[in-house]
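See the structures that follow.
After this come two complexes, each holding chain A, first together with chain B and then together with chain C.
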Partner chain A sequence: MVKSELMPKKLRFTAARIAISFALVSPAVAKDVVMAVDSTFTTMDPYDANDTLSQAVAKSFYEGLFGFDKDMNVINVLSEGYDVSADGLVYTVKLRMGVKFHDGTDFKADAVKASLDRATNPENKLRRYALFSNIDQTGVVDDYTVRFTLKKPFSAFINVLAHPAAVMISPVAIAKYGKDLRDHPVGTGPFKFIEWRQTDYLKVEKFGGYWKPGYPKVDGIVWKPVVDNNTRTAILQTGEAHFAFRMPPEQIALLKTKPGLEVITGPSLSQRYLSMNVRQKPFDNPKVRAAVNYAINKEALAKVAFAGYAVPSDGVIPAKMEFFQKMGPWPYDVAKAKQLLAEAGYPNGFETELWSAYNHSTAQKAIQFLQQQLNQVGIKVKLTALEAGQRVEKVESAPNPDTAPVRMYYTGWSSSTGEADWAIRPLLAGDSAPPKLFNTAYYRNENVDRAIAGALNTRDPAEKARYYKEVQEQVWKDAPWAFLVTENLLYVRNRKLSGVSVMPDGNFHFEEMELKE
Partner chain B sequence: MLRYLIKRLLGLAPTLIIVAVLVFLCVHLLPGDPARLAAGPDAPPETVELVRKDLGLDRSIPEQFLRFISGAVRGDFGKSIRTRRLVSAEIAERFWPTFWLTFWSMAWSVTVGLAIGTVAAVWRNRWPDRIGMVFAISGISFPAFALGMVLMEIFAVQLGWLPALGAESWKHYILPSLTLGAAVAAIMARFTRSSFVEILQEDYVRTARAKGLSEPVVVIKHALRNALIPVVTMMGLQFGFLLGGSIVVEKVFNWPGMGRLLVDAVEMRDYPVIQASVLLFSLEFIVINLIVDLLYGFINPTIRYK
Partner chain C sequence: MNPPPAICTSPAAPTDSIRTPWAEFWRKFRRQPVALVAGAFVGLLVLMAIFAPALVPFHAEDYFDYDALNNPPSWQHWFGVDPLGRDIFSRILVGARISLAAGFISVAVGAIVGTLLGLIAGYYEGWAGQLIMRFSDVLFAFPGILLAIGIVAILGNGMVNVVVAVAIFSIPTFARLVRGNVLSLKHLTYIEAQHSIGAPDWTIILRHILPGTMATVVVYFTMRIGTSIITAASLSFLGMGAQPPTPEWGAMLNEARADMVTSPHVAIFPSLAIFLTVLAFNVLGDGLRDSLDPKIDQK
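This part shows the complex of A and B:
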């Protein structure tokens, strides 16, 4: 509707259109930082968002009790520390004083209670419900102290509160907007929400009453979803955007030649692997699975499919994850692969299917490379790159583990809590097989299951580390996956912009954001 | 004429109902569970069930169909599965950018196409014809996404004259409408030329020349009007087609329009948005066809409506 008043203006400009080649675009008044991102946001209610991007953007106006710093360590944000009871069931959190919401409400214990009661109430049907369902009760002790009582001990509970979904919302706004909160976010963050035009942009402006003196250092941010890779590259060069994430590896060589731009790469929590359905022949044989691991040159895969912006996996979980255990990388040895296949009774290899969870160009390149590598040892695979709907239908909703059609499956994972449990349990625990979670290898090992449960229930870091070590060693030995690569993050920043970075989990860090003239 | 119009408008309803039924069935035949997709990749089964209930997808297919139809009749298309906003709001926000982009693309491409086609027909097989047709063939053959990227590279990145993306001011319309209109201009030029060449051999053109009318009068007054009939038909079809939103151009120029909405919706199995958009496209086509039929009467008064 907004566009309709453009009409008369446009008529006047018909003549100008002819003379357009002489017109100049006035340089944008560079007060707002323009951040271009690769897909559209789904909601501005972090409790109802299932994509990292929406949550990253919501951090402009929302904050949680805890958060992560640049290296994924948990830090206090709206809290000043916490205590845990001896049985691991009761967490008492001290709140920061002197914090105000954008609507003027004081941030106190009642806001924490209102935000989390909303999240734990199944009636609200929020998409992040499961993350908080372990909270039995949120109690107000005094204005600046809250007490969380859990249903069962959960050692990673502070990570849950540090999750980008667990933000503090103004209790007044919760009461006022109800279901429409998604379009009217009111938090304590450095910026106030201004406007969200779904496909165009989301605008936020500096919040004068922010609790951290001297922050934020810019007047506002415009978040722009720009889906096309070439277009993101173009607007970095025209100066229409100061920052772009994610960037495809193939554009990087060009952008590196531009003096005004800075290409940044770093480790991520995003890993790629090839799961093998261990319930089905021939993948029930550990020798076959080991052979597949030996047959793939991961260095070359990183070069071919990811233009070098990936590193071979040297463990079960990404190296940046807490409790990571270094195991590899698995050596590339074609002779050994052939020998193992022969020992397993497949001297001439076999035929099977390889599906990819994605159909974008990087995944296409990756699976074609895998096909070629496996062919060298006699494993002939038929490739299918699944589109999102097909993936859900054929893999994630397969009702019966015994007849699940998936064989080899190229997929990936990025733990949204930045925490080892969520990087292992949904993918490798015995009862995480689809349709429940994503154990697409249908892997089940008693030792692994026991250790995963043990790690969840203990609060002793040393004991926890021991459990996770056991899990990773066992999984590496059983090799239900071919461990492929961990992707690098890739983003580009205008040199005028500083203080913005992308964290390993794909969230943004922009507290120190500054724009030079 | 008025009776004809009323009759045509009454005919709208059954067509739309048939389209609605077909769309509903096709959409529900797509593989993939929308609740699973909407709940996100790391959602446990309880969350998926919550989402399913919330979206009304736990009801039987006939029940869902009745809800859809009874809502549609009242103009209520429900909420988007992906964004949980009203479908009507989603579409209203995207319709106008696509409409104006289509309008301006059509405006320049029809003008240019008609001019090139006419010139080519009048100077048939001579150099104006050859040059015009080289442009036309290039326009048809050059893919829109490549043209868009080339234009953006030249005018936005290298020269810095025009913005690369957004839909805020008239400047933002230039590159996308040039890209989108190029193929249409080419088609219009080809169409005008062939239709014109035929007309120029008609008896009445010879008669007009014989009675001593000057060549411009013959071409513009006698031939052009008759040549326009097939051209207008083609124009209507192209207009309807472009209103569906060009996915390629909208992606390249980050245009907040219908094409991207529909692609996102199909990807996420966003049933309500797919259904409402397809219904809207059908309605647009019907209305445009009606307008084209009425235009015939203005161009050639010998055409009568019954």
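This part shows the complex of A and C:
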């Protein structure tokens, strides 16, 4: 009885599998590239996306006025250059001519205005509103010239326009789809959007009218979210996927032995740290926070949790970031940690809670390692790896800084503007505490806040560097975090695939994507 | 009608010398080599668990060697090294304590409460019996592990709560088992004799009926320990039981997941520990049943 019920189900399943594999195999003949990624996409509206991945995928069909090259330098994309007024308030941008949207609309100044007016209108409640809120108005000078007027001078404004969120959307599509734009992206990019099935795939196909002659070099891309680490590793080995990003570090040794695959690693802007709630005992005492830093062997952490694909943090922001100030790594010294704890009045250590912002296996290992290390100096921590929902509830939307339950918090950050401000301000400025932004240490220092504001308002690189140096030195001294590691990027591609790379911030570069048979 | 169990057997045995129940049990038990081995294994395991702190070559939680991560078994580390640089053999030994204690305590609590409820339900039948049995039916309606997960979800994570959960879902099985026994025992002549001389209920229940049910309870108790160890390990595997760095076997398996493709030994040894222990308890339970049940083997 049970068996006869099960059989048709199994057959149905097999049939579905065959159908899926046909769907995947037949486009492969037509030179479709299958890209396996570690998470589902949240939206296809980059202005409303908080995750790097959704924005990376949206680069298939969207482009911005500016962009970043592989080394995170700003380059022209739909623009041909810009001028800044002497007071730093007005940016005039020349647009590229002869560009068409997928729906046939010409790309002109009105499209730029429509896209950014939508982004700067608070009523649209777009998640990236804060990034663009400094734009006072966007004006059309002529068909191929736009003028941005800012509310206050902001030296990194071109970096904002190069942010993967700042894409140009067809004004016709904006009017037509309104709120449904998230499911109907229409841009100027090399590929047209075809279909998006939340948990299965997102398909795009070559756009014939692309402005750059000879591009794209493949007929289409299938973006496949494959959440399970082992499955993602497996479909690479079978050839079902040509590329996989975020690879579990513990499986890299195995993948390196496969001749058809290439393991690529490089520096990233993705850093891991342990924030300590400085409003609460015992973390209000700087000696305790310093002791925690001394108690953790960061080299060993890189080895245990990241299979060696991480480097100890030697500053407040990742080394690849502009204005980075090298001050570390913080030495590993158990005796010093114990001494500092004793001086702070905790000769026998203390008990506390340690939460992790993630619950994947790498984070699980990292927090168990931290528990092991802290135990050596008498700090007993109770671990909880939060799920995304718990994280939002317990940490990111804690309404009152005085009663926020977070103590030690293992988390990370990757600045997708590639610029120091967004790597520091959301995490360490006094008024960036949750629920507004992500200052989970509830750190507040007047010098730091003043210097952050100073750096934002100046356009003199030397002055800016001075401000950021001050910020980083003060933060390092106060140690609201245990500075842990900067992760290495880790991705694997089939040797048939070329021209795809992952940028230090986790965004993708695939303009030159090509598939050899 | 069935003859009453071991205690008052040999109604007509003029030629045989009278054997004590223990001798009778041993005579049958020693003829089962598999059960003997299982019994010896369980005995060894219990000894190891008791003396684990003295036996372990390395500290189960505070020893770590970051230069030997995931190293396979060697002379120094018999079962190899885990992803956090700890000695797996030491962790398994200490884990035996936790698993055995969890299995034994939870079943003991379940057996005591369940037996009492079963005695009452069986002896008095009436509304009390009905209430107890219907409540058992409700508990039976849930698959065991689901019930345990539900209880832990209410009580919160941790090994103590897992023990409570396993104990609770052991109660109805023992209650039902004992009730069945009581129903058949209480109509036997020797019980009716007790009634006729005016013995109080509790004397009849505790001194005359309870011993008659002990054989089945002991057998079921032994087998149930195996199930309980698996349930406790499963809950720890799901992150609801023992919390890191406690070397509970199920928790160890969970921690091994990420590395088991590249370093299988990190998962093999905790799995083997669970497998062999549960198997030993089940085989031992089988052996006990065959030896304690007077209906089996009169050769």
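The criterion applied here is as follows: the second predicted complex is superposed on the first by the 488 of 517 C-alpha atoms of A that agree within 3 Å, B and C clash if a C-alpha of one lies under 4 Å from a C-alpha of the other, contacts with A are read in each partner's own complex, and residues count from 1 in each chain.
In this section, contacts are C-beta pairs under 8 Å (C-beta built on N, C-alpha and C of every residue); 3 or more make two chains touch, one makes a residue touch a chain.
Treat the numbers as computed from the prediction; the structure is a model and nothing was measured.
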Worksheet item: Of the partners chain B and chain C, which touch A:375 in the superposed model: first, second, both, neither?
Response: second
Worksheet, complete the sentence: Counting residues of chain A touched by each of chain B and chain C, the higher count belongs to B
Item to complete: Pick one for A:436: touches chain B only (first), chain C only (second), both, or neither.
Response: first
Discussion item. In the overlaid three-chain picture, which partner chain does A:206 touch, first (chain B) or second (chain C), both, or neither?
Written reply: neither
Practice prompt. May I ask you to decide whether A:365 touches chain B, chain C, both, or neither, giving the answer as first, second, both or neither?
Written response: second
Worksheet item: When the two structures are overlaid on chain A, which partner does A:383 contact: first (chain B), second (chain C), both, or neither?
Response: second
Worksheet item: Does chain B (first) or chain C (second) touch A:184, or do both, or does neither?
Response: neither
Worksheet item: After superposition on the shared chain, which partner residues are touched by A:253: those of chain B (first), chain C (second), both, or neither?
Response: second
Discussion item. I'd like to know which partner A:509 touches here: chain B for first, chain C for second, both or neither.
Written reply: neither
Worksheet item: In the superposed arrangement, does A:238 touch chain B (first), chain C (second), both or neither?
Response: first
Fill in: Overlap of chain C and chain B interfaces on chain A (superposed complexes)
230
Practice prompt. Flag every residue of chain A that touches chain B in the complex, lowest number first.
Written response: 1-4, 6-7, 9-10, 13, 16-17, 20-21, 23-25, 40, 42-43, 48, 50-51, 122, 125-130, 133, 182-183, 197-200, 224-228, 230-231, 234-235, 237-238, 240, 387-394, 396-397, 416, 422, 426, 435-438
Response to the item:
So, in the complex, the side of chain C touching chain A is made of residues 61-62, 64, 66, 69, 83-85, 239, 243-245, 255, 257-259, 261-262
Worksheet item: In the complex formed with chain C, which residues of chain A make contact?
Response: 229-230, 233, 248, 250-251, 253-254, 297, 300, 303-304, 361-362, 364-365, 368-369, 371-372, 375-376, 382-383, 385
Worksheet item: Given the complex with chain A, which residues does chain B contribute to the contact?
Response: 30-33, 36-47, 50-51, 53-54, 82-85, 90, 92-94, 96-97, 99-100, 104, 149, 152-153, 156-157, 160-167, 170-171, 173-174, 251-257, 260-261, 264, 267-269
